[in-house]
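Below: the structure, in structure tokens.
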Amino acid sequence: MSLSWMAWTWQTATFFILLAMVLAGMGLWEWKRPGGNPRRGIFGLDTTRGDRLFITLLGSGFIALGWLSFIGSPPYGALVICALWAIFVFRRV
Amino acid sequence: MRRFKWLVPTLYIVFLMLPIYWLLNMSFKTTNEILGGFSLLPQDFTLENYKKIFTDPTWYNGYLNSLAYVVFNTVISVCAALPAAYAFSRYRFLGDKHLFFWLLTNRMAPPAVFALPFFQLYSAIGLFDTHIAVALAHCLFNIPLAVWILEGFMSGVPKELDETAYIDGHSFPSFFVKIFIPTITAGIGVAAFFCFMFSWVELLLAKTLTSVEAKPIAATMTRTASTSGYELGLLAAAGTLTIIPGAFVIYFVRNYIAKGFALGRV
Amino acid sequence: MAQITLAGIRHSYADSPSSPSDYALKGVDGQWADGGAYALLGPSGCGKSTLLNIVSGLLQPSEGRILFDGKDVTALDPVDRHVAQVFQFPVIYDTMTVYENLAFPLRNRGMAEAEVDARVREIAAMLDLDDMLERRATGLTADGKQKISLGRGLVRSDVNVIMFDEPLTVIDPHLKWMLRSKLKEVHQRFGTTMIYVTHDQIEALTFADRVMVMTEGEVVQIGTPVELFERPQHTFVGYFIGSPGMNVMPCSLFQGDAIFDGEAVTITEKPVGSASGSLELGVRPEFITFAEDGLSVEIVNVDDIGRHKIVDLRRGDHRIKMLAGEDDPIPWENPRIRFDPDHTRIYADGRLL
Amino acid sequence: MAAKTANHKAWWLVAPVVALVAFNALIPMMTVVNYSFQETFGDNVFFFEGFKWYEQVLGSERFHAALGRQLAFTFTILVIEIPLGVAVALAMPRKGIGVSVCLVLMALPLLIPWNVVGAMWNIFALPDIGLLGRALNGLGLAYDFTQDPTSAWITTIVMDVWHWTSLVVLLAYAGLRSIPEAYYQAAKIDGASAWAIFRHIQLSKMKRVLTIAVLLRFMDSFMIYTEPFVLTGGGPGNTTTFLSIDLVKIALGQFDLGPAAAMSLIYFLIVLLLSWVFYSLMMRNEER
Amino acid sequence: MAIELRGVVKQEGGQIHIHETNLSLEKNAFNILLGTTLSGKTTLMRLMAGLEKPSSGRVFFDGRDVTGVAVQKRNISMVYQQFINYPNLTVRENIASPLRVARVSAAEIDRRVAEAAELLRLSPMLDRLPAELSGGQQQRAALARALVKDSDLVLLDEPLANLDYKLREELRQELPSILAEKGAIVVYATSEPHEALLLGGFTAALHEGRIAQFGPTAEVYRNPVDLRTARIFSDPPINTALVAKKGNTFHLNESVKWPVNDATCGLADGEYRVGLRPHHITPMRRGEGSIEVMARVLVTELTGSESIVHLDIGGHRWISQSHGVHAVAIGATETMYLQTHRFMYFESDGSLIAA
């Protein structure tokens, strides 16, 4: 069975592998040291560790889109903002 | 005010019935009459359109194909959803909430663009133009729905019932099949109804994944509409016939919707 | 506040009732005086809740009339009858805070906000709800929710009657005690007519001045707790009230005395009327004592339940229960018992002679 | 209700579902992501293009127009369908034969294949031979959905209302039926007005089902394709060219796979965000 | 035969449901778990049944470690507070269910089902579905299913709590004899002290996930080890107050005092908390140790056979429970008698020091 129609490139493959590793890592973390009950963050949302990951990823998507529409590629700057966003979410939300 | 309450559903139903009435009206007219003028009832009543559908294999096979993959999909969706819904309703496990949300996000991807990879995927595994391809593809949106509906019903069943069965000595499979499934028939009825409905009405994926052998009726209709010009009478008759299986299904589950539906934590 | 009269109330849930068994209520008459505390007591399915809903106006009786102070209210809506009702399971408005829940019935009637506030705070203090007034009502325990329901029933001062439909079902036994005394206190303080429906004799008897005992859609006796206890008009009342219930044994009559299992039993109150039908002797466990001379019996079992002992006796095929005091000795050797003549009664076909 | 027990073995029970859905969801999703970074000239020959398509789409007039139309459409049908569905559910009989009749008749539109719905409304609304078109023109209104953008919009919206309001009715009705009778009795005795009953009892108890109804309608209407395509073909002009119709035009009509893929993913993110925000807000209110 | 919990702890999500517990329950007696809602009765039962695994500690059955053994492999029955029956099976099939699973022969099943149905007076409704039965009948069906099987351990979790008062009374009377014949270990959870006393046997008083006391029921009732147990085991609630011991006298206040007795003469002077059960405050003199007090009547509740009067005695709100009818006016001041030899004296930490 050929997979060529899926049009893989090393860039996208890396992206998906990283994503899968983040998910697996989070799963492993939760497995070994359960995060416990949700906490109430600054947005008034009750979030668990998994929820915070979701917020981070979704937020990062929009940060990247915003960067592309207002500043343009390459979006390395967006990457930095995403990292800051991730730290913020995991600490405070 | 209370005395006129019945007016609301009545007017609403009249509104719903008007287009259907028009479709029915058209289906009993000849193409000439349709194009020739406007009349509330067929002047030249004919069953020709229906006769054509029931005799022409490309037409009636369309119905059979549709029914085949819809039934197939309903069975797969409900069977797969049953244990999953049980897990969601009874247990906490790693990533349960996110998994549930992920299942629901599958309704969010625009099918128009995703049709192409679907076509390639099913071609690649050699299932293109088979009933099973459509049945499997429709699982994408039907399974999450079935899981959600069944989970609601199952949460309405006290977990003490499960425990009583285990204490009686039932193993999990025996309890699940002999005790639990009969207990939530209403939920299964409602879930099956929704699976049937969404699989029956969907066209884009069904059309993409089939060409000849498993072509659904809806696709036959679009092709007719485009190739043989506007044979409106025939199209109307075919359309009318697509309403019938759904009407049957809803008739059979109406009591579940009225009573059982309410019991579940919808 | 009002005097409530029930005149020939019959009710059937069937569309066209034919036999008496189709009726949930088979003809109830009665009167509840202004300011009294009443209870409707009976086993599940006896029609007590149906009767309650007919009084509050949630249900229209198939036949009969309800009068408030002599005025026919049978056709009136609950709102116009000015009644309050507390249900078996807590009903709270999730969208509101505890305070708003309590204020709801008052605000709906357009009461001035200052008055609402005073009233709500008074009731909240009484039910120990004052420290949670600003909280959402949703997150509370069943106990807390039921307290709110009770509060909504008690908050109005203009009601003709407050009705309680088994309100303590969901409450823990320890809290039951507290809430029951609270209700009693409220009644003694405000003097509102209250009707309390329950299957629990203790709740009914401790709460009410007069109790209506019902079974199978009929009222078998209306009376004060003392009357019900001391002079049950029906063996059902004897059995249903009292724990354990009254001993009922077949007997015959001879010259005004009862003959039970071949021995004469003295009765102070000689039966009047002709003795037809099957005769039974009724005596409560509380009115049986060990005695030197009396019926000889066999002791089957003694249950020490702390405050007193329940003694299970046998004479021939008949089982008799009696109560003995916490410190009373049990005469294991050749026990004999005596029925208190003042409290031994004769029943014919279940009814007091 | 007692708390659920922790049991990670439950994963075995969800495994079949995960496998089936992942097969159908992940592979196409990954493929679309791959497309969105590449250029192709057919025959499975691809060139990596970085973020070119995203930039192009985000800056394009066409994208903004389609997104605007889509949002307007979704917003309109939600504003009509949710209140209408709730109103119908409230007015429906609670027992008797009427319930079955109502439910069966109301569910009919849900069970008609989507292209048949489009075709049916096309026939129904045609200004020359359609009942609706003839009736409106008979009343002196200039109505022609094939020519006039306003007519086309109204027809599309009315069609969607016709098609989907019943789903809201079914869900709302189920929610209403699960309210214990005691709530209505208590409200009667508390002297609550009809509005207060609706606001504090019915609406609050229906919140869960309404959340679901809004989510389903939001997601499905955002993806709507078949019915308006069959009805108007996206016209007149591009006035009823919603997101999916536009995507098909780009992907299949112009075979610009890359931009179409990028655009779908952007849409996917928008729907995901809006659904999540809405879902979180509803659930947050529930807990307080 | 015995079931034994050794150092069992149950905690979940950082919350401790059961603190370290050691308990051994024997067969041929009613073993009662008494406590309020959330005191841990149900959790304890579920641990015994194997429906939940202890966080630490072990469960032994007949000396055999059964901690990890699946429920199916333990020979037990359980009845819940809610009426749990299989809704799609008739009463007959419901009762037969455990036997069918155990592959008992059809004739044997028929015999045993008929027997159990007879015992619980279900014979006329064997062919009905549970939904067609009244609450009491549904619970009897659940009991029949638990009894039909020869289980080693029968767990009853407040089985009568949702039933009518009178029905409860009847079943409560029948249950001990029905269960006695089974020769199984019977564990019965209840929140009502009255019920525990009626059922007899042994009682474990539970409070916030700990067993406060375990022993023969009457013993636990009469000699509670601490104030908590006394509270759990008193309905109406036990009357308590702080008293001062000065020399040979206990003072409740200036006017109410009583002399020490053999049990209390050895106590040091100081403050003690006393407990007195409501039926030891009576309107008539009973026994030698009674002292007279003046009490203001707050609320009266008459049951016909008993009078329950809420009193204000020297600023303490106390309850008196007595046989017969004692009509007293609210607000009036009445003479009441305290049976001082029934006082229980507690240390400041709540433990009993003298009674």
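As written, the chains take the letters A, B, C, D and E, and residue 1 is the first residue of each chain.
Quick note on the criterion: a contact is a pair of C-beta atoms (placed from the backbone, for glycine too) under 8 Å apart; a residue touches a chain by one contact, two chains touch by 3 or more.
Only a predicted model underlies this, so the values are computations on that prediction, with no experimental measurement involved.
Steps from chain A to chain C, minimised over paths through touching chains, total 2. With centres defined by CA atoms alone, the chain at the far end from chain C is A. This structure's chain pair with the greatest number of C-beta contacts is B-D.
Inter-chain spacing, taken between the CA centroids of chain C and chain E, is 25 Å.
If you average the Cα atoms of chain D and of chain E, the two centres end up 57 Å apart. Centre-to-centre spacing of chain A and chain D amounts to 27 Å, using the average Cα coordinate of each chain. Counting only residues that touch two or more partner chains, chain D has 3, 5-6, 8, 27, 31, 272, 276, 287.
For chain E, no residue reaches two or more other chains under the stated contact definition. Chain E meets chain A in the complex at residues 13-14. Residue ranges on chain A touching chain B, taken from their complex, read 1-3, 5-6, 27, 30-31, 48, 50-51, 54. Of all residues in chain C, those touching chain D in their complex are 53, 56, 58, 77-79, 83-85, 87-89, 91, 93-96, 104-105, 108-109, 136, 138-139, 149, 152. Chain B makes touch with chain A in their complex at residues 94-95, 97-98, 101, 117, 120, 124-125. Within the complex formed with chain B, the residues of chain D that make contact are 1-11, 13-14, 16-18, 20-21, 23-25, 27-29, 31-32, 84, 87-88, 90-93, 99-100, 102-116, 119-121, 123-124, 128-132, 134, 162, 165-166, 169-171, 174-175, 177-178, 208-209, 212, 215-216, 219-220, 222-223, 225-226, 230, 243-245, 247-248, 251, 257, 260-261, 263-264, 267-268, 271-272, 275-276.
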